[in-house]
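Heads up, the next two complexes both have chain A, just with different partners, chain B and then chain C.
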Partner chain A sequence: MNTLRLYFKSIGMLLRSHLQYPSSFIMQTLAQLVMEGGEMLAVILIVDRFGSLKGWSGGNLYFFFGMMSVSFYMTEIFGRGITGDFPSMVRTGRLDSFLVRPRGVLTQVMCAGTDPRRITCVAVGVVALIMGSNISGITWTPLKALVLIESIAMSCLLILGLFMIEAIFCIFSVKSVEIVNAITYGGRSACQYPINVYPLPLRALFTIVAPFALTLHVPASWILGKPLYGWPWWAAVVTPLSGIVVFGIMTVLFHVALRHYRSTGS
Partner chain B sequence: MSYIEVNNLKKDFIVKKKREKGKLLREKDTVNALKGVSFSVDEGELVGYIGPNGAGKSTTVKILSGILTPDSGEVNVGGVVPWKDRKQHVKNIGVVFGQRSQLWWDVPIIDSYNLLKDIYRIPQASYEERLHELAGALDLEPLMRTPLRLLSLGQRMRAELCGSLLHRPKLLFLDEPTIGLDAVSKLALRDFLKWENKEYGTTIMLTTHDMEDIAALCSRVMVLGHGQKLFDGKLPDLLERFDTVRNVSVKYAVEPDLKLPEGVICNKTEDGLELSYEPSKLPTSKLLSILQDAGNIRELTLQPENTDHLIAAMYKELDL
Partner chain C sequence: MRAYISVFKMRLRMELQYRGAMIGGILCQMFFGLVLVAVYRALYDSKPQSLPIESVVTYVWLQQAFFRMMFGTDSDLLDKIRSGDISYDMCRPINMYGFYYARIVAMKLMGSLMRAVPMLTLAAFLPKGWGISLPASLPGFLLAIPALLLGLLCVCALENITVAFTMRTLDSRGMQGLLTMLMMTFSGNVLPLTLFPDSWQKAITFLPYAQLLDAPIRLYTGVYELSAALGVYALQIFWIIVLIALGNVMWNANKKRMIVQGG
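Then we have the complex of A and B:
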């Protein structure tokens, strides 16, 4: 409980420091809106041109897109310490100061970063979700709502876990490793469309290595009433848990890596 | 049993060289940052830790504060192995890195302190009392609402010190605390450290390049070079051991014909004569009387006991 309080207090403080430069903050937030709005527009254009994609209607596509946007940008808002700032924490030695405090390092890294500008991206995602839900004519039940929340939460953990791969490399090499972006940012771009539009190698990548298919596509397709691979309802509840598994594994590896942390000169 | 026990501490770093042309893999180089350092520090001691850049000072401090894991050797600080029981260990230590901030850049420093209170789980009453005391001693009251980025270097160092002492650590590490500070700030900082050490018996370990810091603060000094401990003892003993050559400059009204004993080196400059001698062989008083007898002295300067100069001589003698 104390840790959660510390987290929100830290994030509150970071928000205030973001607002020290209000005009820059507003401009960047609007820029994010334009960027994510553009992504959404791309989906709208595809729907307008083709009507449907491998049996997924326009409304379905908006729903997938919305789930991915909300998950990804929520992670960036609340986990910026891992998704963006970690390499600079290593480089500038801020990680050293976390190590000399009696708190978990991961907790402190999470406490040290937030990216509130992404709020407009989340807003676009929410709009897409509502559009998708209405056009697809989803009849919501409490279970479906729960699965939606679970799916988004687990996708957030999965995304955090994937960004932690980069953080782990960073602990060893001080530099950031761009290749990991292929499954983080690449995963976001690819998996905002249903997984079965892709050929087998990509499907395998996003089911086994970076299991967006499990945290996002399986539950989303069940909510839409078109279960992926014809899997039963409970698959939509169980498979998203792979998100917390990935996060757990990465947390362990992260702490192993810290044992080999070399710090930078002073 | 001393408060800090360090036994045969070793740490290597692998440094990747720049890739040479025509080679596929980069060559690796092993740097022995620490080659088996041992020492112990008692509770309440104020120890200066000196050595040239790259001698392994920071590495030692980072191992003692639990940031780095050594390759081999034993460390025990107050009954805890720093890297094994990190959280337990760091509750009792404070760390100030001269060039790195521990506080938050864009917010008033009081907000940083409030957050540190939560991080260290300091009870409210204890926190308020301690903050009041430190703010008074470090003259921080008027700066509390100022963001860190607007503070001067001296002010920032005081703010950092306050932040690192809020949780009443038993052991304080200072990595070049006076770097870049003006004379007044340095003096104030030294006074504060003495006070903290005396009032609470806080053990302080200080790395520095500024010999004045050592002279003013430390009862004990350790010298590190090439990853090995070269000296451990009192500052006067260190000076005595390496205070082998001294300089005198002298200016006569009319240049006399000097007959100097053997071992004295004499150089003529525009400003007169520069002599260097070894006090162990030729007592200073004797040299002075020779100089006085030789003619009418207009100006004579005995080089003061400049510790920086001595340290440079020592590094040279020890081939650092």
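Then we have the complex of A and C:
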């Protein structure tokens, strides 16, 4: 609990420091809105031209897009320390000072960054979710709402776990490793569309290595009333837990890697 | 003129040094390309369009291959603006706009060629319907090359306008982000412009963003007839002149009110 309080206190402080430059903050937030708006425009135009995708209607596609946007950008807001700042922490030696403090390193890394500009991206995602839900005509039940929340939370943990792969590489190589972007940012781009769109190798990648299919697509398709692979309802409750599994594995690996950490000396 | 040419050459050589970053970039871009191609193929399975799928796939690969041309920035210059070192450049006996224009052209040209050649070679070996197709015709291919070069000049002029905003606000992230995102959407990077609604085509192909890569790609894939090439070039040149003139005005205005952050 103490850790959690510490975390929210740090995030609050960082937020205030971001707001010290209001005009810059507003401009950047607007830029984010244009970015995510552009992504959504692309989906809308695709739906306008093609109507449906492998049996998924336009409303369904908006719903998938919204789930992905909300999960991904929530992760960036709350986990900026891992998703963005970590390579520079290693390069500049900021990580060294974390090692001597009486708190977990991961906690401190998480406390060290937030990206409130992404809030507009989350807003676009929420709009897409509502649009998708209305057009698809979902009848909401308490269980469905819970599954939605579980799915988003677990996807956040999954995304955080995937960004930790980059952090782990970074501990060894100092440089940020671009290729990992293929499953983080690439995963976002790819998995904003339902998984059965893709050929087998990509499907395997996003089910086994980076299980977006399990944390997002299985529960979302059940909520939409078109369960993926015809799996029963409890699959939608169980499979998202793979998010926390990935996060757990990566946390362990992260700590193992830290034992081999050599400061850059700068 | 000789000064600009030597700046250009120096920058070409400099860009050639970063080969490690290149391989990571290529693999990443290849992955994105594959994902996009998979999506468009699935969409075409549901509802085929009058535009053949090969044309869309080729569009995607060319966009991915020339990613660096579109979205590479001169980070040295941005650092100089922030640190105030740009004041040294104002002492140089040549036009500052021209100096940086030559630099960014060289950077984008070399950066994108280094990535595009290996990427397009790889994409050509992918199975049919997944990889890049041959150009619609040999003349179409030959006509696309000057269009690509004009597109390069156009994107560099746009880039310098973005830089002019950075000079005003010092913080590059706001306005730059905004302009980059507009460019991403309206240059066909997020969704090929050929798949935008038909009623938008006239307006959207007139915008400067369509001159960068969309126009050359359309010539390559044969969406534009060969006879349209001259009109395309004319529109590109029109935008290059307008954007360079606008950039120059903005740079000169900024020079007068340049604030150097001491230290």
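Definition applied: the second predicted complex is superposed on the first by the 265 of 266 C-alpha atoms of A that agree within 3 Å, B and C clash if a C-alpha of one lies under 4 Å from a C-alpha of the other, contacts with A are read in each partner's own complex, and residues count from 1 in each chain.
Everything below uses one rule, namely that a residue touches a chain if its C-beta (ideal position, glycine included) is under 8 Å from a C-beta of that chain, and two chains touch if they have at least 3 such contacts.
Keep in mind that what you see is a predicted model, and the values were worked out from it rather than measured.
In the superposition on chain A, A:S88 makes contact with neither chain B nor chain C.
Between chain B and chain C, C touches the greater number of residues of chain A. Once chain A of one complex is fitted onto chain A of the other, the partner contacts of A:R49 are limited to chain C, with no touch recorded for chain B.
By the touch criterion defined above, A:L6 reaches chain B but does not reach chain C. By the touch criterion stated above, A:A182 is placed in contact with chain C alone, chain B being left untouched.
In the superposition on chain A, A:N134 makes contact with neither chain B nor chain C. In the superposition on chain A, contact of A:L202 is made with chain C only, not with chain B. The part of chain A that touches chain C in the complex is made up of residues 21, 23-24, 26-28, 30-32, 34-35, 38-39, 41-42, 45-46, 48-55, 177-179, 181-182, 186, 189-190, 193, 197-199, 202. The touching residues of chain B, counted against chain A in their complex, run 13, 58, 62, 65-69, 83, 86-88, 90-91, 93, 95, 97-100, 102, 104-107, 111, 114-115, 118-121, 147, 175-176. Within the complex formed with chain A, the chain C residues making contact are 21, 24-25, 27-28, 31-32, 34-36, 38-39, 42-43, 45-47, 49, 169, 171, 173-178, 180-182, 184-185, 190-191, 195-197.
Within the complex, the chain A residues that touch chain B are 2, 5-6, 9-10, 13, 16-17, 20, 92-94, 96-97, 99-104, 108, 259-263, 265-266.
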